[in-house]
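Naming follows writing order (A, B, C and D), and every chain is counted from residue 1.
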Amino acid sequence: MKGLMKGLGVTFKAMTSKKVTYKYPDVPLALPDRFRGIQYFEPDKCIVCNQCARICPTECITLTGKPNPDPEKKGKVIDTFDINFELCILCDLCTEVCPTEAIVMTNNFELASYSRDDLFKNKEWLYENNENIRKENNSAMTTRGGIKKDV
Amino acid sequence: MSDEQEVKRERKIMTPEEREAKIKAAAEARAAREAAKAQAGDAEASTEDAAAEGTAAEAKPERKILTDEEKEAKVKAAAEARAARAKAKEEAEAAAAEAAPKEPSYNQPRLDRAIEILKTKVAVDAVEESYINENNSHLPTLTIKGEHWYTCAELLKHDEAFQCDYLRNVSGADHETHMEVVYHMVSISTQHEYCIHVKTDREQPSVASVTPIWQTANWNEREIYDLLGIAFPGHPDLRRIMMSDDWVGHPLRKDYVPLDSEV
Amino acid sequence: MIRTEELLLNVGPQHPSTHGVFRIVVKLDGEVIKEATPVMGYLHRGTEKLAENLNYTQIIPYTDRMDYVSAMTNNYVLVHAVEKMMQLEIPERAEFLRLIVMELQRVASHLVWWGTYLLDIGAMSPFLYAFRDREIIIDLFNELCGARLTYNYMRVGGVKWDAPEGWIDKVREFIPYMRKKMEEYDRLVSGNEIFLTRIKGVGTYDAQTAIDFGLSGANLRCTGVNWDIRKNEPYSLYDRFEFDVPLGTNGDCYDRYFIRMEELRQSLRILEQAIEQFPKDGEIMGKVPRVIRPPAGEIYARIESPRGEIGCYIVSKGKAEPYRLKFRRPSFVNLQILPKLLVGETMTNLITILGGVDIVVGEVDC
Amino acid sequence: MGTWLQEPLTWTNFAIFLAWGVVFLFIVLGFVTYAIYFERKVIGWMQLRIGPNRVGPLGLFQTLADIFKLLIKEDTIPRKADRWLFILAPVITYVPSFAVLVVIPYTDSLYFTDLNVGLLYYGALSCISTIGIILAGWASNNKYSLLGGMRSAAQMISYEIPLVISVVGVILLNGSLSLRTIVNGQGDYFWQWNFLPQIIGFVVFIIAAVSELNRTPFDLPEAESELVAGYHVEYSGFRFAFFMLAEYVYVFAIASLTTVLFLGGWHAPFPFLTFIPGIIWFILKFMFCVFFLFWLRATMPRIRVDQLMSFGWKVLLPLSLINVFVTAIYVELFIK
């Protein structure tokens, strides 16, 4: 009987304590900088090295390059870049391997839509997704051989 | 007792001499690699700023169109670099081996005794091969002949010298030449661990079930049966466990062809 | 003539108390269970098969999805196995970070268990209390690695992110907060007579049975077997900290409940010490080759996850992908004892026992 | 109102009765609507949430929206169900719950009828609802429903007995089964109300009453973590609403009955507070009882079937019998 009374006391006290509900759709969630949301992609920085597509565990990135239109410059520029968000698990590996920070995470996460086709995002869409971009992109991986982050 | 202490010191790895030798060897290897890199760099100096080795080198070919000569030079350079690297590695290994002749593992006596017991109590040819898995905390690893496995298992559980009453894990593997079931067991009282491999052929894979000895094996064996197709005669209820009952094939086999090409 | 018939009842795959898509086919005589057959595989994603075509870094996100309630320990068991195979040295700061997140994860995982267990037993509030406090840990993780559930935090050789500024202090503040909340939990639930009568003497087994079935974690320790991999085969930095392994005597749901509650406290104790000894600076990534290729051979690494012994068996042929990767999932092994425990129990106890075993279906099916 | 009942039945009188009935039905429906709202709010607060707050100001129209949703939902009857019993079950459950309300006096003058066997009438009618629940469990042709229905039958029978016997003490003290007489028999000071002299009876009554209501910690028939939803698994739309309605009307009835039997009805706790009208006191006490039920639901885990049974037969029944015995001796010695 004593235990029951104590329990009743706890719940009674809880009535006036601080509520933990987030006012989510009304008030946007405050997310930390490192939050892994939908990627932002900057075509100008991309060197078509294909590393993001290769590291992706779910193979959701497809990209093609084309020769640089400016004959003075070498290398390739990005032609198409698509992420299939039906598959993407936002694991952060693509941004981790990107040598030029062409692809980085943002804090946006709202992807719900009525059609699966809408989840297939192309280069332009990802470029427009330019709000709340993650500032801190230098993770531990920068110390690994070869990849330089201060481009 | 001493065994246990050594197990606990597992994290600490090398004696000072060993470390020194290793560092030296590593330094040599690095020097050799550097030299190779420089050579490679020369070959393509005209075209590349040679900012990054490794990654970039693999990825860059796409970036520009190379002339044939350039390509050839590059291939050659890469080959040379690779050769140099391999050589350096070999040297390093040799140096390390020279510096510290390999000591037998502290678990070697235990392994020898285990083999001895199995040979005398079960059959002379019960143990096919054995070694100490040094990376894995010096785990004594034995390969036991399929036909003697059940008797050996009983012995492993009940014999005074083993007392392996806790079966940690049962895994199966398809080695393309043969199938294998791997048992990891430990004795709760003495904390001695053993790893047992049992090989079986690939056409009609079958390994005696140890479910009557360790209940743990029950579902694990079912899982192996389901995913690898190894039969376990003596198992009380050998059905598929993960896949549906009407599934065709055993997914973890290396020659398994997925029905759905998307996967 | 009065005739009684056995009732065949499918509990699940969609049932509020099977914690996911898991099915038990029970034969009932009235409300008493005559026979129970667990049926699983509804959540089988073939992680082991997928892993054979992925390199080791790519497998880490997949391990997050096995035991999604305690993803950090899954991360750790994989990288630990690979590191052991390659004989890598891990910087101290990285190892400390790993240990801290693993212990936080244990707290979070036990909180989920506590909340859902009470929900199974019929009390709604504890669930929300537990999630309030778990939310703090989740937020800490979110701040550390940018995800709330599937962290993908550890890497072969270290961790991906260093602790952000003030993070360690937040963990430090969390410990006394959690201690206070634990008292509240005890007041609310641990003394509740209805709850105690429901779990006392339910689902009892002895030490011999527990060992025979290969149980681990609280399910083994409730019978009094002193077996905690953190103590018996110390990995990470556990040999540096003082903590106790709570043991039970009767091997019933009651013991399992109090062991888990005590483990929560012990985790806080470890965290406290870890925060104190946390190195001021240092690398968080060891010297690791660019492409991870463990030498040919095999390894079985195991650690103590909140649910028991999680193990990782890797066969490597010296390639960047594992030749064979098998996880020993504690939920899967622990669940084997269920059919034995359920015979002769009522429907109500089915839920109590299943909840007490503490399974995560993502891990059972893998 | 009692005077009307003595008059011959004319069309005018019939119209008046009907009007009163309809008005009262709406009062009860209004109570149910807002009881559900407050239950969700109170439990929300106790669980550190804020409860419904999306529909209307402060979420006040949430229940109305829910009712509307239930009304427009498809009415499904499983093909293998026993069709007529399936349809009949919610009706059998609901009608008695509404019918028991006639005997409850709210103030000295506001009541519908003053039956001289009021309490017996209440006990008898409330049992009928059980039949509805068992029928629902059986007719659904669902194993979970069946288990829920059987549990309900066992539970109702075991707890109806202590419930009735626990009030025998009160009846002995007042010498009447009429609820109005019972209220009037309780004194002007709060310690003269029945809950103190009849403390054993009171406690047994509360426990048995919560059990009768099928609410936590005795919500076994619908135990959602075991039986999914128990006897109403297969019900949807308005048939489901009827079960909910019956449950909350019983909350209304039990809270009123507790107030009347043990908490002094419309009496003020002290004589100098009588300037506040009796109906206010009644509502306050009534609301406290309702709140207590919500509070229990937010705190307690569910009891187990076998424990429930042994508790009912081995603890509550002997206790209530002892209570009757002691009260009888007391009455014999001091009052006669």
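Just so it is clear, contacts are C-beta pairs under 8 Å (C-beta built on N, C-alpha and C of every residue); 3 or more make two chains touch, one makes a residue touch a chain.
Predicted, not measured: the structure shown is a model, and the values here were computed from it.
Participant: More C-beta contacts across A-D or across B-C?
Facilitator: Per the contact counts, B-C leads.
Participant: Most central chain by CA mean?
Facilitator: When every chain is reduced to its C-alpha mean, the one closest to the whole-protein mean is C.
Participant: Quick one: report the Å distance separating chain A from chain D, using the average Cα coordinate of each chain.
Facilitator: About 54 Å, centre to centre.
Participant: Could you work out how far the Cα centre of chain A sits from that of chain C, in whole Å?
Facilitator: For chain A versus chain C, the centre distance works out to 27 Å.
Participant: Per the centroid of Cα atoms for each chain, what is the distance between chain A and chain B, given in Å?
Facilitator: Inter-chain centre distance comes to 35 Å.
Participant: Touching at least two other chains at once: which residues of chain A meet that condition?
Facilitator: 4, 7, 10-11, 14, 20, 145-146
Participant: Listing for chain D: what residues touch at least two other chains?
Facilitator: Touching at least two other chains: 46-49, 298-300.
Participant: Going by the contact rule already set, what residues in chain B reach two or more other chains?
Facilitator: Touching at least two other chains: 54-55.
Participant: For the complex, give me every residue of chain C touching chain D.
Facilitator: 7, 9, 15-17, 31, 118-125, 128-129, 132, 188-189, 192, 194-195, 197-198, 346-351
Participant: For the complex, which residues does chain B have touching chain C?
Facilitator: 7-8, 13, 54-55, 133, 135-137, 139, 165-169, 171-174, 182, 184, 188, 191, 195, 214-216, 218-220, 223, 227, 240-244, 251-252
Participant: Applying the document's contact rule, which stretches of chain C touch chain A when the two form their complex?
Facilitator: Within the complex, chain C touches chain A at residues 54, 57-62, 94, 125, 129, 132, 135, 139, 142-147, 150, 152, 155, 158-162, 164, 184, 187-196, 283-285, 288, 290.
Participant: Which residues of chain D touch chain A once you look at their complex with the stated criterion?
Facilitator: Within the complex, chain D contacts chain A at residues 42, 45-50, 295-296, 298-300.
Participant: For chain A, which residues are in contact with chain C within the complex?
Facilitator: It comes out as residues 1-4, 6-7, 9-11, 14, 20, 31-36, 55-57, 89-93, 96, 105, 134, 136, 139-141, 143-146.
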